[in-house]
Amino acid sequence: MSPPVITAKSLTKKYKEFAAVDGISFEVAPGESFGLLGPNGAGKSTTMRMVGAVSTRTSGDLSILGLDPNEHGPEVRSQLGVVPQQDNLDMELRVRDNLIVYGRYFGLSHAQCGRKADELLEFAQLTDRAKAKVDDLSGGMKRRLTIARSLMNDPRILLLDEPTTGLDPQARHILWDRLFRLKEQGTTLVLTTHYMDEAEQLCDRLVVVDKGRIMAEGAPADLIKQYSTREVVEVRFGSDRNADVARRLAGVGERLEVLPDRILIYSEDGDAELALIAEMGLEPITSLVRRSSLEDVFLRLTGRSLIE
Amino acid sequence: MTSTRALAPTRPLAKPRSGGIGALYAGNARSVVARGLLATRSTNYLIVLSGFFEPVFYLLSMGLGLGALVGNVATSTGQQVPYAAFIAPALLAVSAMNGAIYDSTWNVFFKMQYAKLYEGMLTTSLGPLDVALGEILLALLRGALYAGGFMIVMQVLGLNLAWTAFLALPAVLLIAFGFASLGMAITSYLKTFQQMDWITFVMLPMFLFSATFYPLSVYPTAIQWVIQALPLWHGVELVRGLTTGALSVAMLWHVLYYVVMIAIGLVFTTRRLRALFLD
Amino acid sequence: MTAVTEPFAAEAAGRALAGGVKPRRYGSWYVAEHRIRGMRSYLKTLLVTSVGNPLVYLFALGVGLASLIDKNLGPNGFNGVSYLAFVAPALLATAAVTVAAEECTYPIMMGFKWNPIFFGMNAAPITGNQIVNGVFISVLVRIIPTCVIYFLVMLLFGAVPSPWGALTILVATFTGLSVGLVIAAYTSRIVDDKGQMAMIMRFGITPMFLFSGTFFPLSQMPIFLQWIGWISPLWHGTQLGRVLSYGAVEPAWLSALHVLYPAALCVWGWTTTQRVVTRRLNK
C-alpha cells in the first residue's frame, strides 16, 4: 500500500490556554475520501487550517505529502486545493477573473489559467456566468466557484470545510455529484461536515471529533455497527407520559434513550420491539422504525446538548 | 391564541396610504430621527466630533498661516477684510455642503443598498417621504452642531465682523437643507457606489472655485457666470454677507436660490421614491 | 522522515518542492497583478481624478489664490519664485500622499474582512510577506502615474522653473509611499471598523496637508507648532521637491534628512506590516 498523503500525530493547536485541537492523530491514504465529523467548535476548521499549511501547530507532528508544512508552507500549498468554510472569493472581480488570478498564484501562465478556467467553469456549471459579478451569484454558485477555484492547480489533496452548509437541497446534490466525480478521478478528499448524510455519501472513512479530540474512527457503516444498533424505534406517548412509560419499557431493546418528546429504542429488530410494546398494552401516539444512521452515532458520541 | 380577530387600531391612521402624497408620507418623520439619534449613541463620539475639526483646521492653516501672506482682501461688496475673515464664512458654507452631501448621498446610499434599513422601515406604516425627511432632519441637526461650534471659534478669533453674524446659523441650515434634498434626489437615482464618484468630481472644483479662497474677480466674466450659477457660490456669498455685515437686497436672491433647490430636490426625491418603493 | 524514501512519497514531495519554486520567486508580482486587475473596474474614475485634480488644484491655488499673494508680496515673493512655483511641488507630494492613504486604508482592511482575499491568497502558495509586497507594488503602480500626470500638468502651468524638476516625481512617490506604509502598519491590525479610517483622514492626512509648509513656509507658523512639519513626511518631501523644482536653498544636511526620514518610515512601515499580516494570517 502507498504511504499516507497526510499523517498527523498528536496534532495540537492552542489559543492561549485553550486547546482548540487537543492531540489528534490520523492518516489519510492517497485517493481516499476522509471526513472530520463534529459539532460546531469541535476544532474541525482549525485542523483543516493546519493541514492547509496556513496555521502553525502548537505541538505534535504533521506531514503532508512527506513535507512538514511549517517549513514548506508554499510547497505544500502548491499541491492543495482549499475550500474554506467561508467563501473568500474576490467580490471586486468577475467570475472568470477570480479563477485566473488564483491560478496565477500557483505560477501558471496566463494561457494555462485561461484554459483551465474555462474547463472548470464548465465543470462547475458556471460557464454562462463567466462574466457575472461574484456578488450576483447565489450561495450555491459561489460555493461551486470556490470549488472550481480550488481545482485550478490540479491539487493532489482537496480540503473542503463544510462545503454544503447553508445550501438548499438542489445545490447540495449538485455539489455532491461534482465531488464524487473528483473522487472517481483519484483526488484525495478531506472534508468536514456536520451533515450525516453528507458524510455517509462522500466519506470512505471518518473521525468523529468533539472538543478537539477524536471520539471514534472508522468507515461510516462500521461506526454505526460499533456505536449504534441496526435499527432504531422512535415512539411518542406525549410529553407528559414519556418519562412514565420509559420506566416500564426498561429492558426493551439494547439501549433506551428518553427525550422530552419521544423515546428511542436501539435494537437489531425494530418490528419485534414494537410488537413487544403492543403486548405490554402501551399504545404510542406515533411510532417509527428506521435504520440506524451516522446521526445516532454522532449524537451518542457528542451528546445532545447544544454547543454554541 | 384565542381568536384571529384583527386588533383594533390604537389610533386612527393620519391619512390613507393611497395616491397623492398620502401614499408616501405618514407624518411621522420624527420616528426616523429618533432611530437615528439612538443609533448615534452606539457610534464613536470622536468620529462625530471630528467632523467639527476639519473646517477649523482649514481656518487655522489658510486663514491665519496663509492670511499673513495675503493681507486684506476685497469682498464682493468692495469691503476690505482680513483674509481669515474672508474665508471663514466660506468654510462655514462649505462644511454645511460637505456634511449635507455626505449624509444624503453616501450615508443614504449605504443604508438603502446595503444595510437594507429603509426596507425594514417601509414595512411599517412609515412612507418613503417620512424616511427621506427624517434623514434630512438628522443631517441638519448634525450640521447645526458643527456650524454652532465653528461660529464660536470665529467669534473667539474675532472673525465675526458684525452683529448680523448670528443670522449665519439659520443661513447655514438653509444651505445644508438645499444640498441634502438635492443630494438625496440624486442618490435615489444612483445604482452603484462608483457613480457616487461623479458627485465628488463636481464638489471639488465647486469647493475651490466658488469665491471660497479668493474673490470671483480674478476670473474672466464668462467663468464668473458659470460659478454664479452653481449653488455653493450663493451659499458663500450669503454667509459672508452676514458675517461681514454687508447686507443687501441681493442676498434675498441667494435665499430664493436655496428655496427653489430644496423644492426641486424634494419633488424629485418623492417621485423617485414612489417609483422605487410603491410601484 | 523515512516515508520520503519510498518512491511514491519521494515523487509527491518532489512535485511539491517543484510547485513551490515559482510562487516563492514571483508571488509578490502575482499579488500585484491581482490588485491591478481589481483596479480596472474603476479605471475611468482613476483617470478622471488624476487628470482633473492637478488642473483644479493648480488653477485654484497656483493661479487664483496666487493672484492675491503675488499682489501682496510681489511676483517673486518666495525665494525669488512665484507662488505657483512655490506651491506646486507641495501639491504634487500631497497628491501622492492622498493616493497612498487611499490605497493603504480600506483596501488593506477589506482584504482581511469584507472581501477577505488575503486568506484566499495565503491558501494558495503565497506568503504573508509576499501579499504585503504585492499590495505595496500595486500602491506604487497607482502613485507613479498619478505623479507623472500631475507633473505634466505642472509643466503646462509653467510651474517648474528648474530642469531638475522631473525628479520631483520620484520624491513625491517616495513621500507618498512612506505615508502609505506607516498607515498600512496600522490598518493591517484593525479587526473592527469603528471609523478608524475617517480618523486617519481627519486627524492625520488633513492636518498634515494643512500644516506641512504646503501653502506657506513652515516658519510662518508659531514656533511651538513647527514640530508638525518636522515629523510630517509631507513636509520633508515638499521641501526636497522645492530644492529640485526651483532650486530652493537649504543646507545639505537638511536635504539628507528629507531623504533619510521618509526612508526610515518606509523600512519601519514595510517590515511592521509584513510582521502583522503574517501573524494575522496564521490563525
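Couple of notes before you dig in:
Should a chain be cited, it is by its letter among A, B and C, assigned in written order, with residues numbered from 1 in that chain.
Please note the rule applied: a residue touches a chain if its C-beta (ideal position, glycine included) is under 8 Å from a C-beta of that chain, and two chains touch if they have at least 3 such contacts.
Which protein is which chain? UniProt says A = ATP-binding cassette domain-containing protein; B, C = Transport permease protein.
Because the structure is a prediction, the values reported are computed rather than measured.
With centres defined by CA atoms alone, the chain at the far end from chain B (Transport permease protein) is A.
Located most centrally within the structure is C, per distance between chain CA means and the overall CA mean.
Ranked by number of C-beta pairs in contact, the top chain pair is A-C. For the pair chain A and chain B (Transport permease protein), the distance between mean C-alpha positions equals 54 Å. If you average the CA atoms of chain A and of chain C (Transport permease protein), the two centres end up 45 Å from each other. Computed from the mean C-alpha positions, the centre of chain B (Transport permease protein) lies at a distance of 32 Å from the centre of chain C (Transport permease protein).
Shown for chain C (Transport permease protein) are the residues that touch two or more other chains, namely 41. If you check the complex, the residues on chain C (Transport permease protein) that touch chain B (Transport permease protein) are 41-42, 45, 48-49, 52-53, 56-57, 59-61, 63-65, 67-69, 72-73, 77, 194-195, 198-199, 202-203, 206-207, 210-211, 215-216, 220-221.
Interface of chain C (Transport permease protein) with chain A (complex): residues 1, 3-4, 6, 8-10, 12-13, 15-17, 19-24, 26-27, 30-31, 33-34, 37-38, 41, 114-117, 119-127, 281-283. Those residues of chain B (Transport permease protein) lying in contact with chain C (Transport permease protein) across their complex are 43-44, 46-47, 50-51, 53-54, 57-58, 60-62, 65-66, 68-71, 73, 83, 194, 197, 201, 204-205, 208-209, 213-214, 218-219. Listed in rising order, the residues of chain A touching chain C (Transport permease protein) in the complex are 2-5, 7, 30, 49, 52, 54-56, 63, 65-67, 72-80, 82, 84, 86, 88-93, 97, 101-102, 104-107, 149, 153, 156.
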